[in-house]
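Think of it as A, B, C, D, E and F in the order they're written, each chain with its own count starting at 1.
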Amino acid sequence: MRLVTAIVKPFKLGEVKDALSEIGVAGLTVSEVQGYGRQRGHTEVYRGAEYTIDFVPKVRIEVLVTDEAAPGVIDALVKAARTGQIGDGKVWSVPVDEVVRVRTGERGPDAL
Amino acid sequence: MQYNSGDTAWVLGSAALVLFMTPGLAFFYAGMVRTKNVLGMLMQNYVVMGLVSLIWVLVSYSLAFGVDLGGHGIIGTLRFAGLAHMTQPVPGYSGPIAQTIPPLAFVVFQMMFAIITPALITGSTADRLKFGGFVAVIALWAVLVYAPVAHWVFSPTGWLFKLGAEDFAGGTVVHINAGIAGVALAILVGRRRGWPKEPMPPHALPLTLLGAGVLWFGWFGFNAGSALAANQLAAQAFLNTNTATAAALLGWIATEKLRNGRSTTLGAASGAVAGLVAITPACGFVNVVGATVIGLAAGAICALATSVKYRFGLDDSLDVGAVHLVGGVTGALLIGFFGTSTVGGADGLLYGGGLGLLGHQAVAVVVVAVFSFAVTFAIGKLVDVTIGLRVDEAAEREGLDTSQHAETAYELGLVLARGLGVSSATRDHPAPGPPTPAAARNPALGADS
Amino acid sequence: MQYNSGDTAWVLGSAALVLFMTPGLAFFYAGMVRTKNVLGMLMQNYVVMGLVSLIWVLVSYSLAFGVDLGGHGIIGTLRFAGLAHMTQPVPGYSGPIAQTIPPLAFVVFQMMFAIITPALITGSTADRLKFGGFVAVIALWAVLVYAPVAHWVFSPTGWLFKLGAEDFAGGTVVHINAGIAGVALAILVGRRRGWPKEPMPPHALPLTLLGAGVLWFGWFGFNAGSALAANQLAAQAFLNTNTATAAALLGWIATEKLRNGRSTTLGAASGAVAGLVAITPACGFVNVVGATVIGLAAGAICALATSVKYRFGLDDSLDVGAVHLVGGVTGALLIGFFGTSTVGGADGLLYGGGLGLLGHQAVAVVVVAVFSFAVTFAIGKLVDVTIGLRVDEAAEREGLDTSQHAETAYELGLVLARGLGVSSATRDHPAPGPPTPAAARNPALGADS
Amino acid sequence: MQYNSGDTAWVLGSAALVLFMTPGLAFFYAGMVRTKNVLGMLMQNYVVMGLVSLIWVLVSYSLAFGVDLGGHGIIGTLRFAGLAHMTQPVPGYSGPIAQTIPPLAFVVFQMMFAIITPALITGSTADRLKFGGFVAVIALWAVLVYAPVAHWVFSPTGWLFKLGAEDFAGGTVVHINAGIAGVALAILVGRRRGWPKEPMPPHALPLTLLGAGVLWFGWFGFNAGSALAANQLAAQAFLNTNTATAAALLGWIATEKLRNGRSTTLGAASGAVAGLVAITPACGFVNVVGATVIGLAAGAICALATSVKYRFGLDDSLDVGAVHLVGGVTGALLIGFFGTSTVGGADGLLYGGGLGLLGHQAVAVVVVAVFSFAVTFAIGKLVDVTIGLRVDEAAEREGLDTSQHAETAYELGLVLARGLGVSSATRDHPAPGPPTPAAARNPALGADS
Amino acid sequence: MRLVTAIVKPFKLGEVKDALSEIGVAGLTVSEVQGYGRQRGHTEVYRGAEYTIDFVPKVRIEVLVTDEAAPGVIDALVKAARTGQIGDGKVWSVPVDEVVRVRTGERGPDAL
Amino acid sequence: MRLVTAIVKPFKLGEVKDALSEIGVAGLTVSEVQGYGRQRGHTEVYRGAEYTIDFVPKVRIEVLVTDEAAPGVIDALVKAARTGQIGDGKVWSVPVDEVVRVRTGERGPDAL
């Protein structure tokens, strides 16, 4: 199995979720992160003192998938999250040894 | 001249209360917007406090309450511009309504009304106005819309006042006026991107509740202060205000309960405001029964009216139309039924006064609504085609806080400020060099080194 | 009749201040609950403002301050129900205590007391009441508990008043009454699930501090307003109120420092409220020395009293018992020592007045506590077995905000609203179809397309 | 004696308003600090309310407004210590300035000034004071600095008052005094670790805006209340206050717009406060033109002054110097130009009064600044070398909230309280054993088992 | 070594921590996440407009363990987090190349 | 490729970011977490009730790197984050199958 992780622009979350639903992904886990990269942050001013904000808010999406499904999920993620502008983010996958569904104790692909 | 100190204390205290309503309103609204637009909303309200205060002193007071120009009841002259000739009594207040307070107390009291009225508009166009464009619209509006309407209705020399239309504390001048202006601007600038498909829930309802609490508190100054004296009428207006507000709060959450199955906190806050709005014109003209009915009606009607915008695809973002326009009209017209001369003013339909009063109320409502809509739309259009009124897509997505004001509302991360980046010493702030003499002399100054 | 405009201004202003205390209290409490119950707490307080306002007008005012029924000092008649006969002076206020203000001003001033009293109860049963059940309890309580107690103690025709029990602004009527009622309901509905093992720390102490600030501010209306005139006595009550509050703030944080090694912000806020509570009955009867002692005592005693609930396993969640019951009793009894006729009322033990006053105070404390406990428990039980008073386990775990009100207090995620799911167009809000004519005519409306 | 009820109502109401300013200030400041220091800031302000209230009653009122010692105008005697002899009129207020209110009303009104003045200081030393050391500094300051300065300037028996220096509501006594004291302490305790390289942005600007709103509201009591009567002068002071505040708000954000390209919300709030500060000494001496100029000047000057600290490497954290010292000086000196006897007081330069008034103003500014700086620095030093004034590095990094007060401001995690650890039953709270008898009898108590 | 990650119901965090302590796990890292899956979110209403909230708050627990300890840790996590109701979450493990303790520079199992 | 994850003290974030920039790391992703380990939390008191806070705020930093760069990045992270006091945190790395840059669709090392 694979854990596919995507770092994307926050406002793309809705589209990404829908794209994954369409190809049969039934679950995912989302969290807020701050990204640093080519995309520049903005500037803030408080009583004349200027701050540059280097971090840009992003959303991390994690999806557990079977090995076979992984490429399709990656492609769907990339496609749904793309705006073509700097800062669109990354998608990567890592191998997973074992997955268990807590409720039932099912293991492996059945746990997804 | 000898003024009544009790009346003066009451009116000055009331003016302070009404001033406090605008921050209250700012929070009532700011709680409802999304995190990225909180400061934008607050800023619009606070800048109105700055801007309209000066405009009022400079010109609008004179236009609204100055010597009537030509006796037509259309507009005041500029005799009082810059608050000149303030020893002269306020024109029109003579006989039974002669003022017992210094004219300047009246000036500041009425100033607070002139401030909060355009502030009310900010709710309808939330999240999408350019700051500069907004400022321009308000500056024009305070002169071209507020001042004449206040003259017509509030000044005893105004034509609607003389016609017999009753508005104790601003149902038409404040709420219908601002409500329809909000609708006009919402039409003009168009919907927020994504509305209504994208969810845009309130970011912090406690702020909205806080604002509602401040509004309820301050509104006693607004309504009971409009008696311009600490007397029986003020007490009646106070009681009516509280009663209608309470009734509307219950009316709104009961309506919600029936419609959506749940009574909400936002509904309670909204209902209270709807009640305050509706009783505003009526509080010095009806008894406690009238106040109760007006409150219940306003709570239920305004709650239902919040759905209307979806039918028309009109993004009146924080329901200025449904609460202030609809609530104001409800109150203004119900005076025609519940007005009673035992409290003050003329008798309405239910107290044997016939249809006359209702007719005058209807005239005032229609005239003010039409005038305000038209002039507001024109002002908005003018600003839009000149300096621009709506932010571009990137700024709207980013939010007003950073795009318009270079600020962020909350930095709550106990751990990770997004700003844990790097601060840049700006040209104005050269990175401090070696410790200054003072610091060198005082070892404590170097505590951080 | 000619009223005193200065006194009227003061009482109306005070009424506004006291009204503002209930939102203040709502935030004082809301800051202390967990994030999932914030709106539930605010809503309970705001709905009390709606509900009790109407009940007061309808019936409770008449029961509390109306013509005494049969002269027994037990309850008023319904002559003033619906605020009828308001030209008649308020019964019992004659001679040296004759009122100089319109009766309606007295009605609204006292109304605010009737509102905040049941609101105080919400702290003890935080996080676990059904909204509907809560509303039912309060409605009954405002009639069956508050009105008679107010009649006994506040009305000059009430039996405890005539006995000589002193309560300037509501130590027994408001604080002991609400405090013991809170304890009764906390016993009745039982502990929050997980208490006391699971940590339930305050979610936002700044809100609690804000509430404390508003309470301190508004309490000047509560206490000094109870002089019903802007005079020497009002000034004394004002001074005493502030002094006791300050002393209690220091008393509480000093106690904490000794006990836990640290002075806390919550302690400062709690101490201030404890001082305000304790000086409430006494503020028009003691001098500044008495006020200081009462404040210090209340601060220390109430701080220590917060531990009691753990010994009894009683989840009085926000310490309504420790602050309002204990604080109220402290103040009520200390009048028996510090009361001085140089300020007003009878002399207490330390001013040569003997044990009489202390005895009357003790009687009032016990009678009100027993009555309130018993009737409150009965009301609670009745509501519990009929429509239900406590939420089920799932709703409690989920929190009152979503389970009772379908709302969430905060949506602060700069990035990720939990709601970044999908909004559904409900039956009331058909997804808007093609642009309306107005939109079509006005290109700006389509800005989002 | 017969007092004027209207004046008394106004002064008592104003006292309440001024009391409310300190919580307002607390929030104004607390919004600007980082999340870990929020409660520390609030606590400093609230403890000042407790501490100074008692000190005022005990001794400072008598020093400030008591019978002048030896007629030199330097300090009052202790005759009024503990508020003894309060039937005697306040010394010096006779003839045209004879008071019409109970002396106790004057005591409480002035008390609120004594409270907020040291509270203003907390901004300059934010995030790094030991709580105990802070308390010690304030206690000494309220006696050694505030009382004499108030005597010199406010009391008609004080030497600066008699010299002819004008300070209607506290430009020198409150703002210059607190502003320079803040600078002195900031120098003494040194910079926050990491300043100015590490970004320290405000954690919640809405709180700052809330505080600014409360300050604006309360300041009407501060300034217009200083007329000590509800009259024409109070109305003028009210108008001037609002006008200058509005002008300064606009002045500050316009300056920002030119300098940084953006008008900020923090700028609007800061500008409003700067205007309130600058008009404070002048509000009863200038007309609306003077008020407008003073406001505009203060807004622009104070905005620019916020940069100064970077040049000197002085961490005046929340710009107490730039806002209160600079704003206070601006207002105090501009009286010398805009003072007009048509409003009150002497004529300034622009109204044909020559340089006399300006000279007196300059003397008062310099004397108060020098005295306050020196004594404050000495007090701070004394406390620093005895009980310690600055927290250690670990506590500063951790933040004042947990290190000084064992609390955390926010627990907003809808999911994960950091405290989802374990609560320990402390020695004071033995884990509750078996259900108490009461619980056993009442099954509902066991709802959680 | 293994990184065991669990997505569980928030109120289970205390029990999970205790269960891990019992089997000798000395450290872990926790974060807030939002989960999407079979478990339904709730509905909210603001001025009559209804929103469905699809995401459910969850807690992510990450534990670095030795290869040998992994199965025991997984079992303990699953057991402690289970309520038997939909939405109990997932536990998975991924292989880890290297672990370093920042304070000491210790590597491998010693770093845990 | 590798995903290097570090759990460090929050106030070290700035230094870590700078250290990584120096060795040519162009992007990273940061999130807030709570850590449990040897480092003790603090105590809080609310109305006399004492709470021990077991969790300590930490920052999680994630960096995608090539296999070759991984050791250097780990060393830089460890060095920059170290204070020598308990609670400095952990750094670990896991193997990554695939990385995609959303904006361009580039894969592998080019995506970094």
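Basically, a contact is a pair of C-beta atoms (placed from the backbone, for glycine too) under 8 Å apart; a residue touches a chain by one contact, two chains touch by 3 or more.
It should be emphasised that the depicted structure is a prediction, and the values quoted were computed from it without experimental measurement.
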Same or different contact residues where subunit E meets its copy subunit A, judged by the half mark: different
Chain pair showing more contacts of the two, C-E and B-E: C-E
Distance between chain centroids, defined by C-alpha means - subunit B, subunit F (Å): 49
Intercentroid distance (Cα basis), subunit B paired with subunit A, Å: 44
Subunit E and subunit F: spacing of chain centres that average the CA atoms, whole Å: 18
Contacts with 2+ other chains: residues of subunit D: 4-7, 9-10, 13, 196, 198-199, 201-202, 210, 259-260, 262, 264, 266, 307, 310, 406-408, 410, 412-414, 416, 418-423, 426, 428-429
Residue list for subunit A, restricted to those that touch at least two other chains: 14, 17, 30-34, 44-46, 48-51, 54-55, 57-58, 94-95
Contact set on subunit A toward subunit D in their complex: 44-51
List of subunit F residues in touch with subunit E within their complex: 2, 6-8, 31-38, 54-55, 58, 60, 70, 74, 77-78, 81-95
Of all residues in subunit D, those that touch subunit F in their complex: 198, 397-398, 402, 406-408, 416, 418-424, 426, 428-429
Of subunit C, residues touching subunit B in the complex: 3-10, 12-13, 15-16, 19-20, 22-24, 26-27, 30, 38-39, 42-43, 46-47, 49-54, 57, 82-83, 101-102, 104-105, 107-108, 111, 131, 207, 210, 401, 404-414, 417, 419-423, 425-426, 428-433, 435-436, 438-439, 442, 444-448
Subunit D residues touching subunit B - in the complex, by the definition given at the top: 4-7, 9-10, 13, 17, 34-36, 187-199, 201-206, 209-210, 212-214, 216-217, 220-221, 224, 229-232, 234-236, 238-239, 242-243, 245-247, 249-250, 253, 259-266, 268-269, 271-272, 288-289, 292, 307, 310-314, 384, 390, 408, 410, 412, 418
